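Heads up, the next two complexes both have chain A, just with different partners, chain B and then chain C.
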Partner chain A sequence: MEHVIEKWPGNVYELTIGATKEDGGTRSRKVKAGGINTLPFLHFEGLTPNQPLIAMEVWDIEPSEWPENLKNEFNEVLNNAAQWAKKCEDLGADLICLRLLSADPDGKNASATEVARTVKDVLSATSIPLMILGCGNNEKDSSIIMDISQIAKGENCLIGMAVKENFKTFTAAAQAGGHSLIAETPLDINLEKQLNILISDMGFGSDRIVIHPSTGGVGYGFEYCYTIIERTRLASLSNDKMMSQPIITFVGQETWKIKECKADETEKPEWGSLKERGVLWEIATASGYLQAGSDILVMNHPKAVNEIKNHINKLMEK
Partner chain B sequence: MALSGLDIYKHLPKTNCKKCGCPTCLAFAMALAAKKTSLDKCPDITEAAKQILDSASLPPMATITIGEGAKKVEIGGETVMFRHEKTFYHPTAIAISVSDNETNIQEKIEKIKKLHFDRVGMMVGVDLIALKNDSNDTDKFAAVAKELTDKSELPLILLSDNPQTIEESLKNISQKRPLVYCANSKNFEQMSRIAKQYNVPLCICGKDIEELAELSQKITALAVKDIVLDCSTRAVSKCIQNFTKIRRLALKKNFRPLGFPVIAFAENVTEASAYICKYANILITTLDKPEEILPLITLRLNIYTDPQKPIMMEPKLYAVGTPNENSPFMVTTNFSLTYFTVTPEIENSKIPVWLLVCDAEGMSVLTAWAADKFNAEIIDTWMKKTDVANKVKHKKIIIPGYVSVMSGKLEELTGWQVLVGPKEAAAIPKYLKTIWK
Partner chain C sequence: MSFKIKFLPDNKEVIVNKDTDLLTAALNAGVGIYNSCGGKGICGKCKVKIISGETDKCTLHLSEDEIKNNYVLACKTFCKTDAEVFVPEESRIGKADILIRGKKIFEPIDIKLAKSEKDITKSKDLGIAIDIGTTTLVVYLINPNYGILSAKAMYNPQIAFGEDVITRMIFAENKEGNEQLHNSVVNGINELIEECIKEINIPANNIKTVMVAANTTMTHTLFGINPSYIRKIPYIPKMDFLPLSDATKLGININDNAVVKAIPSVSAYVGGDIVSGVIACNINHTSKPTLFIDLGTNGEVVFGNNEFLVCCSTSAGPCFEGGGIKWGMRAQAGAIESFKFENDKISYKTIGNQKAIGICGAGIISVISELFLKRVIDKSGEFIIGSSKHIKTNENGNEFFITDKISMTSEDVKNVINSKGAVFSGCEVIIKKLGFEFSQIEQVKIAGGLGNALDIEKAIILGLLPDLPIERYEFVGNASITGAKECLMSEKELEEAKQVARMMTYIDLSTEHDFMNNYTASLFLPHTDLNLFPTVKNILEV
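Let's look at the complex of A and B:
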C-alpha cells in the first residue's frame, strides 16, 4: 500500500538557546528548538531533530493570583526567584522562563538595575538556559530590556516580548546582548509574518526569532491559536522563511487564570476535584498545542510538566 | 475525492442520445459533476462505469451512526485534514468503558450521567458506553448489555471478539444499534454475518494498516457497510501516525477500504487530548471523573467549532460574580472570544461586575466598531432592552478603550457618564481595583 507522503520543500529554523563555557557562557547545557521538516510527530514522513521543550515559569514577585494548589508546589521559594528557578531546574525543566513582573509601574516599579540583578542571581543559581520576559508594560519593558540583555550577555538567552510597539528597542537589545527574540502578535497570521519581517529588516537574523502567536487556554480561545499555529507550520513547510520560526505557547499562564482551574468543589461540585482539574487542564492544553506544532511550551505545575515530558518522549518514538 | 466533468465524461457512452434530458453526454457529465442530476438517468451506462462513478461520488469518509433515536451518535464524514480548510463535522464520540464484572451497574450509570456539563448554555457530555467482556462469560455480558440499554440512554459499544457472546447480546438489544467491537482476521466471517443479520455497525481490528485495509475489503464484500477501523496499536506515537495515514489515504486518494471512522483508546487525559486533535472519531476511555472529562469535552468543543462561524454569545446583561446596584457596569460585544477573554479578567479582579454583551453580530470590539455594529446607538438600545437602569444606580458606563471615540455620543444618548476602560482585557483587574474605586 502506498501511503501519502507529503514532500515539503521547507523546514523550521533550528534555534539554540543557552551558551556553555565553549560558547562564552556559563550554562551546563544548551537546548535546541525547531528544525522539524514535517508536521508534528509524523516520523514516517520527515525528521524531528529536536523534541519540543518545556520551560517553567519563575516570577520575581509572589504570584498572588495563582490558585493555592499551584502556589503550594512552590511555597518555600515564591519570594526568591533564584531559588525558585533552581527548583524548576531540579524538577526537570528544559529552560527557565523568568518573568520580571516587579518592573510593573503599577506594582513594585522595580528599576532596570534591580531586575538586572535578579537576572544575574537566576543565572548564578541555575545551569540551564534562560528565557527572560519583561512585565508586559511596553514602555517600561523598553526601558529595562537593554540592561537585562547586557547583564546576560554571552548566555544566549531568549528574550521578549517584542511587539509591534517596542520591537525596535527589543531587537537592538537582543542584537547587542547576543540573544534570540520572541515576537508576539495578537492572533493574526498576517501581523505575525509582518512583525518577523520588520525585525529581520533591522538586520536581526530571522533564524533567531521565536513566534508567539498568542495563547488561549482550552475553552478560552484555544481553537484560534491552535489553527494559527497549524497554518504557520504549514507555511514553514511550504518554505515561507518569514513563518519558519519555532513557535512558543504560554500554556501555564493561560490555564491557571481561568475559572475551571480556580472554582472549588463548593462552588462547582459538578466539575469534580479542583486539585486534579487544574493540572489536567494544563495537560490537555499542552497536549493540544503539541499536536498543533508548538516547539516550546511554558508551563507551571510540576505534575503537568512531568506528565507532558513523558508524553513527548512517547510521541518521539518512531 | 470529487471527479471533474471531464473525468466523468470518459466513462459515459458518448452517444449523445439525449435520453437523460441533457443535449450531449458532455453536458450530462458536467451536470453530474455539479450534482445537478443523477447517474441513473443514463440508460446506456455500462455496469463497470457505473461502479467507478458511484464510488467516486461517495464521500471519502463514510458517516456511521451508532444507536438510534435522540441520543444516536454520528461519527466520521470528515472531508479535511485541518480544521481551517473547512471544518470538522462530527466531534470525537467519547465512550466510557464499563466492565461486565462491575458489581453496581446502576451506580456506574449515575456516574456517567454526571459527565455532562453546561457550557455557555449548551449541554455537552460523553456519548457512549463501551462494555468490556472482562468476565469472559457470555450470559453475564449479555445481561449487563441489556441492563445498560434499559437504564441508560447512551448507545453502546460491545467489546468482545467472541461472535457467540456478541450474538447473544444482540438478540436483546440489536434495535438500539450498538457498535460491535471487533472483527479480526480470525472471526470476521462470523462477525460480518452477525453485523449484517442484526443490522449493526462493526469495528474491525487489523494488526497494521495493510491488514486493516484487507479486512475492510473482505467485510465490505460480505455486505457490511457500516464499518469503524482500529489499527490495534495502543502506542500514542504509532496511533497518531496511523490515523494520519488512514485519513490521508481516505481523503486524498479516495482509498475506499479505509474511508471509515477510526477508534482510539486512552487511559489518560494527555493521550486522549492528542487523539481528539488528531484524528480519532471515537475515543474509548477508562477515565470517568468529571475533572478528567470536562477538559476533554471542552477541548473537543474547541477543535470541532466551525472556524468560519464565530461562536456568538447570547446578547444580554451578564452578572459576573454577584453584582449589586453599586457594582461596575461594563459593555462589550458578543464575539465569544471577546467574552471569554474579558470574563476571566473580571473574575480575577474579584470585583462583581454587570457585563452587558451587545449584539454585534459576533464581531470583536474593534471589528464591530469599524463595521458600525458596535456604536452608541446599539449600546443604548441594549441598555434599554436589558433594563440596566433598574439594576445599576450609579449611572456610569465603562466602555472598551478602543472605542473611546463614542464617549460623547453615548453620554448624549443615555445621559450616563462614560468611563473609558482599558484597551486590553488583561488590564481590567487593575482598572477595576484602582480607577473604578
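Let's look at the complex of A and C:
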C-alpha cells in the first residue's frame, strides 16, 4: 500500500537560548527549541531537530502557597534563589526559569537593583541557560525589566512576559540586552499573532519570540489550550511566519495550585495519596502539552521532571 | 411647585415641577438635546449652560473649564427656581440637511420646468414615502406618476429615549413607554409632512398613501406594536408582514381614508429598510454577485443576486453615525468629513465649509486610516507616543487633537475598530458560508448616513470594507427611502419587495462559530491576516 506522507511548507523557528564563552556569555552550554517541520513526534513525516526542553522554576521569595510535599523537595534552598537554581541544574533541568516575585508591589516590592542582584547571583551559581520572568504586575515589571536585561546582557536569556499592555518596554529591553522574548496572550490564535506582529513591527526579530498561549492544568481548561496550541502549530506548518515561534507552557504553575494537588487524604480519602497525586498530575499535564506541541515545559517537581525526561527520550526514538 | 424654564437660542419656554430634569423639560418644550444613553447620566453629551436661575448642578463627565463656565448635565440637573438655559451647538439636535442630499438619491423634479405644474402638484393622489431609521427620519412627498415633490429630514425624535434599538425596546416594555415611542415618531412624521405641504402648497387631504421603510423595531413602534420581544429569546418579531393600516388610526395627519403600507421585514434585526435598499439597488434583478452594506447602527449586510439573497446583522454600533465617539456627530454642517496629515501638519474639510464642531462617520474613517498610514496609530489601534505633537496624554489615556478642542481619543479608535471588525467579519462569514471568495463580488453598494465624502480607499485601509477594486464600489446614501419611493410609485416594486423579504435567508451571526474567530482576527489594522488586504499590504510595505 502507498505510504501517504504529509508535506508541510513551513517549519517552526529554531531558537537558541544561552550564550557560552565563544558567544560572549558565561554558560557552559546552550539549548535549542523549535525547528520542527511536522506535528510532534511524527518522525516518519518530518524532522524534529530539537527535543522539547524542561525548565525548572526558581523563585526569589519562599513560595508559601506551594503544598508541603512540593516544598519539601527544595526545603533547604527555598530562601536562596542562587542555591535553588544550582539544585535544579543538578536535578537535570535544561534551563532555569527564574521568577522575580519579590518585586510584587503587593508583597516585598523589591527594587530593580535588588532583583538585578538576584539575577546576577543565579547566573554566577549556575552554568545552564536562564529564563527570567517578572512578578506579573505590568507596571512594576515594565519598570524593572530594563535593569534585568542589562545585568544579564550577553547571556542570551529568555525574558518575559511581554503582554499587550507592556510589550513596547519589554521588546526594547530584550533588544537592548540581546535576549529573546516570551509573548503572552489570553488563549486566542488571533491575539497571539497580533502581539507577534506588534513586537516584530518594532524591529525585533520574529525568530526571537516564544509564544505563551496561556496554560491550563488537566481538568482546568487543558483541552482548550491544547487545541489553541495545535492550531498555532498547524499555522506555522502552513508557513505563517507570525505563528511560527516555539511554544512554552507553564505546567508546574498550573498543577500545584489546584485542589487535586493540595487536598490531603483526610479531606479527600477517595483520591488516594496526595504525595503521588500531585506528581502524577504534573506528569499527565506535561505529557499532554508535549503532544499538543509545546517546545518548552516549565515544571516544578523533581520526580515529574525526571519522568517527563524519560518520556521525551522514548518519544524521540525513531 | 412649578418653574418656568426658557431654552436658548430657540427661545422656547416650558413650565415644569421640581422633579423634572432639564433634558425632559427640553423635550417637553420641543427643544432637541443630544444624548445617547436616554437620560441616564452615562454618555455626558447633554451639556447645557445655565444662564440664570438656581439649579442643583450635576457636573458628571464635565471638564473643569465647563464647570467654571456654568455648564451642567441636563439629564441629571433639576431646577430650584425659574431658569434660562442655553443649549450649545454641540448638544443641539439640528435639522439633518445632509441626509437628504444623497448622491443619486434625492432628485426632486423641478416643478417650474415641468410641462404642467398643475398636473404635478394639484394631483389628488399624492403619496408619502418614509424612512424611519434608528437615528434619522426622512420623508418624501411624491406624485406617483412623476417623482419627488419635496424631501424633508430630521433626527428621529425617539433619540430622546435612547440612541440604539435595544434601549428603546426596553423603554417600550410597558404600555406607556410604547405609546410614547409611537407618539414621538408620529409627531416627527407629521412635522415633516407639514413642512412638505407648506413648501409645495397643497392640502394634506391630497395625500392618500404612505409607504414606510424601517427597521423591524421602528416598524413596530410606528404601528404601535410592542417591540420588546425582539430582544428576547428566540428573537422573533411580533410581525414581519403587515396588513394595510389607516393613517387616521396611526395619527398621521393626511387624508382621512389614506392607507399606510410597510415594506416587510426579514427578521428581528433585518428590517424593511434593508429589503427596501435591495430594491433600490436592484440586487434582485442583477446576475452579478452583489454585496450590500448598510453602515448604520445595526450594520446589516446582504449578499446575493437575482437567484439568491443572504443577510445578517452585524450590530456595528452607532460610531459610523457619530455615536459613541467623543467628538462624533452626524453628517451635518460643521462635521469634519475628510482629514489629511502630512509632516505633523493637519488639514481637514468640514461639511458646508463651516467651523468644525465634530467629526462625522466619513471623517472618523478618514482620520483613523490617515493616522494609521502615517504611523501615528499602530496596528492594534494604540497611539504611538512621540509620533506627533498633536498627541496629548491625560488621565483618560491618549488623545489626538485635530483642532484645539476636537480630538480623537484612544477609546474612540477602539470603538471604531470594534465596529469595523463586526462589519468586516459579518461580510466574511456570509461570503464564506456560501463558498464564495471576496474577489467574486462584482459590485458593492454602501448605504448609510455617514456622509457623502466617504472615501472607499480609506475604509479599505481601515479593514472595514473588503479589498476590492474601487470601481466595484458605489456609495448609495439612504437606499431605504429610495426603495420606499419606488414601492410607492409602483405596485410591482412592492410585490417584488415582498418577494425579496420572503426569499432572503437570515444568518444569525451569534450562532455561527466562525464569527467569533473572524471577529477577533479583524480587531487589528487592517486585519490580523494581511493577505486578505493585498493592496493595503503593498501600501504598508512601501
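By our rule, the second predicted complex is superposed on the first by the 318 of 318 C-alpha atoms of A that agree within 3 Å, B and C clash if a C-alpha of one lies under 4 Å from a C-alpha of the other, contacts with A are read in each partner's own complex, and residues count from 1 in each chain.
Methods note: contacts are C-beta pairs under 8 Å (C-beta built on N, C-alpha and C of every residue); 3 or more make two chains touch, one makes a residue touch a chain.
Values in this document were obtained by computation on a predicted structure and should not be read as measured data.
Visitor: Overlaying the two complexes on chain A, which is it for chain B and chain C: clash or fit?
Guide: They fit side by side.
Visitor: Which partner, once the models are overlaid, touches more of chain A's residues, chain C or chain B?
Guide: Counting residues of chain A touched by each partner, the higher count goes to B.
Visitor: So in the superposed three-chain picture, is A:Glu14 touching just chain B, just chain C, both, or none of them (first/second/both/neither)?
Guide: Once the two structures are laid over each other on A, A:Glu14 reaches no partner at all.
Visitor: What is the C-alpha-centre angle with chain A at the apex and chain B, chain C at the ends, nearest 10 degrees?
Guide: Superposed on A, the angle at chain A reads 70 degrees.
Visitor: According to the stated criteria, A:Leu280 is in contact with first (chain B), second (chain C), both, or neither; which is it?
Guide: Touch partner of A:Leu280: chain B, not chain C.
Visitor: Which of the two partners, first being chain B and second being chain C, lies in contact with A:Glu73: first, second, both, or neither?
Guide: Neither: A:Glu73 stays clear of chain B and chain C.
Visitor: Once chain A of both complexes is superposed, is A:Asp23 in touch with chain B (first), chain C (second), both, or neither?
Guide: neither
Visitor: Under the stated touch criterion, which partner chain does A:Asp201 make contact with: chain B (first), chain C (second), both, or neither?
Guide: second
Visitor: One more residue to check, A:Leu191. First (chain B), second (chain C), both or neither?
Guide: Only chain C; A:Leu191 stays clear of chain B.
Visitor: Look at the superposition and give the distance in whole angstrom between the closest pair of CA atoms, one from chain B and one from chain C.
Guide: Scanning every C-alpha pair, the shortest chain B to chain C distance is 7 Å.
Visitor: Quick check on my understanding: which residues of chain A belong to both its chain B contact set and its chain C contact set?
Guide: After superposing on chain A, no chain A residue contacts both chain B and chain C.
Visitor: Note which residues of chain B are touching chain A in the complex, please.
Guide: Contact set of chain B toward chain A: 82-84, 114, 117, 119, 209-210, 213, 235-238, 240-241, 244-245, 248-249, 252-253, 268-271, 273-274, 276-278, 289-292, 294-296, 298-299, 301-303, 305, 307, 337, 340-341, 343-345, 347-348, 426, 430, 434.
Visitor: In the complex, go through chain A and note every residue touching chain B.
Guide: Residues 1, 3-4, 39, 41-44, 65, 106, 136, 216, 218-224, 226-227, 230-231, 234, 257-260, 262, 270-274, 276-277, 280-281, 283-285, 287-288, 290-292, 307-308, 311, 314-318.
Visitor: Tell me, which parts of chain C touch chain A in their complex?
Guide: The contact residues of chain C facing chain A are 378-380, 517, 520-521, 523-524, 528.
Visitor: Given the complex with chain C, which residues does chain A contribute to the contact?
Guide: Answer in residue numbers: 164, 188-191, 193-194, 197-198, 201.
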